[in-house]
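First up is the structure itself, then whatever we jot down about it.
Chains here go by letter, A, B, C and D, matching the order in which they are written, and residues are numbered from 1 within each.
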Amino acid sequence: MTMGIAAKTPTPPPEQAAADVRKAERTDRIVGTVQRQGALAVLVVVVLIALAAFPNFRSFDNTGTILVAAAPPMLIALGMTFVILTGGIDLSVGSLYVLGGVLAAWASQYGFVAAFAAPLLVCGAIGVANGLLIAYTRMAPFIVTLAALLGARGLMRAISSEGSETFLVKSDAFRRLGNGSFLDIGYQVWLVVALVVLGMVLLARTRFGHAVYAVGGSADAAALMGIAVHRTKVWVYVMSGLLAGLAGAINAAKLGSGVTVLGTGMELDAIAAVVIGGTLLTGGAGTIAGTIAGVLLLGVIQNLINQVGNVNSNWQQVISGTFLALVVVAQTYLVKLRRVS
Amino acid sequence: MTTQVAARPAVNLKGLSQYGVYLAILLLVLYNIFFTPYFLTWSNLRIQLIQVAPIVIVALGMALVIGTEGIDLSVGSVMALAAALIPLYLGYGVVAAIIASVLAGVAVGFINGVLVARVGLQPIVATLALFVGGRGLAVVITHGQLKDVRNPDLIYLGSGDLLGIPVLVWVAAALVLVVAFLVRRTVFGRRLLAIGGNRPATELAGLPVKRVLITVYIVCAVLASIAGLLSVARIQSSDASAVGLLIELSAITAVVVGGTPLTGGRVRVLGTVAGALLMQLVIATMIKHNLQPSTTEMVQAVIILIAVYVARERKTR
Amino acid sequence: MLEVIDVSKTFPGVRALDHVSFTLNQGEVHALVGENGAGKSTLIKVLTGVYQPDDGELRYQQQKAQFGTPMDAQHAGISTIYQEVNLVPLMSVAHNLFLGREPRNRLGLLDEGRMHREAREILAGYGVTADVRRQLGTLALGEQQMVALARAVMIDAKVVIMDEPTSSLEPREVATLFGVIRDLHSRGIGIIYVSHRLDELYQICDAVTILRDGKVVHTGKLTDLERIRLVSLMLGREMSEVRREGATAFSGAATGDTGAAPVLRASGLTSRTKLHDISFEVRPGEVVGLGGLLGAGRSETIKAIGGAYPLDSGDVQVNGVDLKKPTTVRAVKAGIAVQPEDRKAEGIIAGLSVRENIALAVLPQLSRLGLVSDSKIDAIVEKYMTRLRIKASSPDQLVGDLSGGNQQKVLLARLLATGPKVLLLDEPTRGIDVGAKAEVQSLIDELAAEGLGVVLVSSDAEELIEGADRVVVLRDGVVVGVLTGAEVTTEDLMATIAAGGNA
Amino acid sequence: KSEDDGSKTGSAAPASAGAQVAASASAGAATCTIDQFGGTKLDLKTAKVGFSQSEKEANPFRIAETQSIKDEAAKLGITNLTTTNANSQFNKQISDVEQMIDSGVQLLVIAPLNSDGWDSVFAKASAKKVPIITIDRKINATPCKDYLTFIGSDFAEQGKRAADEMAKAMGNKGKVAILLGAPGNNVTTLRTSGFKDEIAKVAPEIKIVFEQTGNFAREDGQKVTEQLLQSNPDINGIYGENDEMALGAITALKGAGKKAGDVKVVSIDGTKGAVQAIVDGWASAVVESNPRFGPLSFATAQSFFGGEPVGEDIIIQDRQYGTDNAKADLASAY
């Protein structure tokens, strides 16, 4: 008996199969790019519509307002991106943001440097505590940072007479940082741009950045490959804490005081921005560019709702929620396309 | 639990991790007995039970969702939606109002479930959408108006007694039993835990994973809507902008402090009740001793950390 | 060069290593063997700083050593390929290869260009030609294993440790691996080699250490040790007992009833780029093998039939009834049971008990009005635990705490409990020890004899040849041949795969 | 169908009822003219006006406030009115206002969420000479320079009046508990200090034994009061820093089996529910905090743009409800 190979003509022939694979790989790449830049694509579309529909949107001032308003959320989302890339989450950023602002305003009486040092030290320390607990006790990031959310808010209230005392910014230099500008673009925006670029380089072009991806992709594998998993985790929470504190500080500089009634829900906004930006909540994949697009998208949407004017405050939230769902569903659909092909 | 006899300190640690919450409650109660006037009275106990009831009910649903390795941020918004609908339908009687609010729960749960099970969104993001939009919708429905509720049947639900125990507490206790029964004795419960343990495996084993997931989110939202209804009955007014605010965090805390891991595959129903009770007692103690919010918040943070540290999962492999 | 003296390691409830001493000499390929759960991987993890020993001492290059983390061991020149492929699937191939030791430019930033170039060059030497910028997870398992190997050998290692490196390699890749090992050997590098495939050990190892229940039961030159004696030492059974069994536990007799109507008929299965018009049928009592190299689409075929892989077109019929777009739910209802390839990720539910795992798929039958009946569950669990000889301290033990073989049996028990008509088995004996393997194989025989249709996927050619009555050979998602009757031999299988390859 | 259908309790009180009246300014009080402030005269009708609300229109005070601004604008024929709502997020309010300045509004009416933190807004507004009228809550800054004027109540004074009523109701002795507003809110701070100072002055025999936050919310007010009644069963008076918390407290009192009048309840705001509670005998007095800012705001703006001097601090007269007038004035409560 002969073998049954020839008996059946394989359909399609292997050459075509190979061509199919190549084609699939190409689609894969295109879809992958769109998926990664999905937030940017949506942002571009929304901005184009806004430009056409709202004359005010076009103004330079309005753009400046959007960017300056986006500065603190951008810093927080930047830190959150690192945290989420390792597969974690940081709920404490909203509280740290308020705490940072109060500390900066209080410390500004001792000068410009103190106004930065105080929030960075305290918020950084809370970040260290978050990181150590998460890395070394295997407690869930969600719950550790939830406790930090409460703790930091308590601390903020404790130093501000239960929130009733608002420290005014005493250092003029510090105040200028909040409202001054260079080339008509606020100092804050420059600072954020610098930090974002730094973050991008850190993530894409350093060993630490790759370690972040590896830890999020598979912590066990990373450990076995000789990556210092615990240390990487501690660092991302420290970064997140520092950035949240810094965001609070520059916001205090802008407002001229350590406002105590800020920041509720800030952490969820940051998470939403990161996820809209295409970063997987499970960690291991995502980009800072996506996060930027995510933050700006949320900012622009807010701006547009105001441009429409007179939208009932409650409808605003319905619109935001719906929009969030649509964007995330679109993202997921793109990712799925990619998996199947 | 492993029945393997291993006479090692590990057993003690395991016991501690399982009974940590109960121990903490015991300690807190002891403290209060000695240092808080009028603590050991029936009326005080009654108040604590009444206040904790809505959180327990929401936490039960949350525990189920967490058992499937999910999370539901939208519970507070569901409570608001339920609250918003009640005054609209109360004119037809209390039953109509209950049906309307529960249906709101079903609808939200269905949307959450579909987003998670079919679309494949991560639970935290899927439910974030309704967390943001749901309350807005609720306030839109009520035009932002707080509505007083005067229907005696509904008020009975919120502040009446049955055999000397508040109706609210009866309802919560009954729901605890139902959920405990659901988890321990029903096919649905076992499936839910299996999904939380290993979703791809459960899918390959031919279980209707999507249906179970959607059902879990519906159950969670319905429980939240019941909590919303009872809150309205208790406050005797419906305020969509305030009811259930931040309850998702209280509920998640109760579940986790009660020893249910966020990684799914296990649900501790009684632990969840204990977790809610512990947090309630902490807050009550703080209020009774007239402490400031800052102190209350910091103490809560520490207690959450300790409770979760003690109850945390030991890595087995 | 690397030795441990009197090392013990205890996990909650298990003594994984019990006063173990082990020595690796310079330039030696040292086999480490033992049943599942004997402690091989644990020993390796102790050697490389993943675990700290409870007591005993570690010596490296004649000096007392202590590795706090895998990184310490790496820096000292000990490089390891762990049992499960331990790379990061979401990162690119090049990034995986260089993770933690990426080339940097003068500014201290990573030099991506150089990294990609070097990665391409290095991997070409291992027969991996895929784009190094692709996500690692999109590569075939074998290719991933080769990347792990390249990574391990890349550093200037003095010792290379390999924990079951061949369990997911195809023959050609195994040959490449052996080439690498010989090369390392000639450069005087010490190698520790763990495998359940005894042939391989005799091909390349010099020395052997046998572990049983965490204790060393033998150590010495491999050539001095008869194969049968090795097995008996490993299993702790008498030689005579072991001798009776052949290479596999399959009877080899065809059980298929050639006249009967097929219980499973798959026709024209097509799915994007993975499967192209795959058709075959299985008759009751028949074991149909799916042959082919890694990546040929065997797993996809099986999953597609079980409803777990999306199909663009094609039909699946069970006993003549069309499934109409199979879903997992529908497939199980129709009597198809799938044992997936990746036991941990898609098979068992590690956090649930043996009892829950076995009963999982049949709960509706074991319950009334949605309420489960404990007595019915106990009955069925008892039945399968005895029948499959599942070793567990009790039905309530967590499946994750069982050894690999027993986990596999629990998984089979779950499938059998559904009362299937067809069993689809994907690598049922991968990574399980000789003893358990034999048990699983004879079980497959028994089941076929009882009239079940079985589809068997195995990368172990011997297992496929002895176990299957008929072998359908796949390549690149296309059926390239069917071996029947006397053609079912290793030579014919290889020829078919090769011929397909030349087409 | 709602419970109220058929009975139709009038939801919107006639616009004229309960209109704000400015307290007569003391002689020599600072005023501000358009020349002092800088900027140009213009006709309010065609001007672009922006209104920034701080909290969601989800409670009677905010609803009435926003509605009053909108109604008055409509009445005056101001067509170009933009409203925004910060949803209690301070940073959003800042960018809302900045955005309105960018879009060229010529008059800003702001209900600030917080009294501090307006530096960046003032910088922008003064560059464009946009006058800002802050309503209901004052901003800590320089009037007639950073902003034009403040129209609103004196919160400390409200607390003081509540204390007077409480002292009267309790017969100058007993134990009183305070349900504080949201922490960090300066309304809370002022209503607390005003109350405490006055109690210490007029009725030193009244002891303040308990202070816990109820976050200005009814449910929290109820919960805290329930705890309070357990730990301090001998309490004689409850001061709610807003009506919502006081109503929550009343529900708690009912639940604890107390009778109307057992515990004296005094609160601030003057919502319909609270005034009704006086009629029912559960509350003793309610100090009004009038939310109908529309007429006074636009009248002030009109005189300002018309070149007349306007006061830098326009404190409105808040009414008060007690057992004597509650029934009669119920209809004009909001």
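To be clear about the criterion, a contact is a pair of C-beta atoms (placed from the backbone, for glycine too) under 8 Å apart; a residue touches a chain by one contact, two chains touch by 3 or more.
All values reported here derive from a predicted model rather than from experimental measurement.
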Contact-richer chain pair (by C-beta pairs counted) among B-D and A-B: A-B
Separation of mean Cα positions, chain D and chain B [Å, integer]: 35
Chain A-chain B separation of Cα centroids, rounded to whole Å: 29
Centre-of-Cα separation between chain C and chain B, whole angstrom: 43
Averaged-CA centre spacing for the pair chain C and chain A, given as whole angstrom: 40
Residues within chain B bordering two or more other chains: 139, 144, 293
Where chain C touches two or more other chains, by residue: none
Where chain D touches two or more other chains, by residue: 56-58, 183
Pairs of chains in contact (touch as defined earlier), listed by label: A-B, A-C, A-D, B-C, B-D
Chain A-touching residues of chain C, taken from the complex the two chains share: 50, 69-71, 74, 80, 82, 86-91, 95, 99-100, 102, 104, 108-110, 112, 151, 272-273, 276-277, 310, 475-487, 492, 495-496, 499-500, 503
Complex contacts: residues of chain A adjacent to chain D: 56, 59, 61-62, 64-66, 68-69, 72, 157, 160, 162-164, 166, 168-169, 175, 178-179, 251, 254-257, 259-262, 264-265, 302-303, 306-307, 309-310, 312-314, 316-317
Parts of chain A lying in touch with chain B, wherever the complex brings them together: 89, 133, 137-140, 142-144, 146-151, 153-158, 162-163, 268, 271-272, 275, 281-282, 312, 314-322, 324-325, 328-329, 332-333, 336
Partner chain C, residues of chain A touching it in the complex: 1, 3-5, 7-8, 10-14, 17-18, 20-21, 24, 201, 204-207, 210-211, 213-214, 216-218, 220-228, 284-285, 340-341
Chain A-facing residues of chain B, complex: 71, 73, 115, 119-122, 124-126, 128-137, 139-140, 144, 249, 252-253, 256, 261-263, 292-302, 304-305, 308-309, 312-313, 315
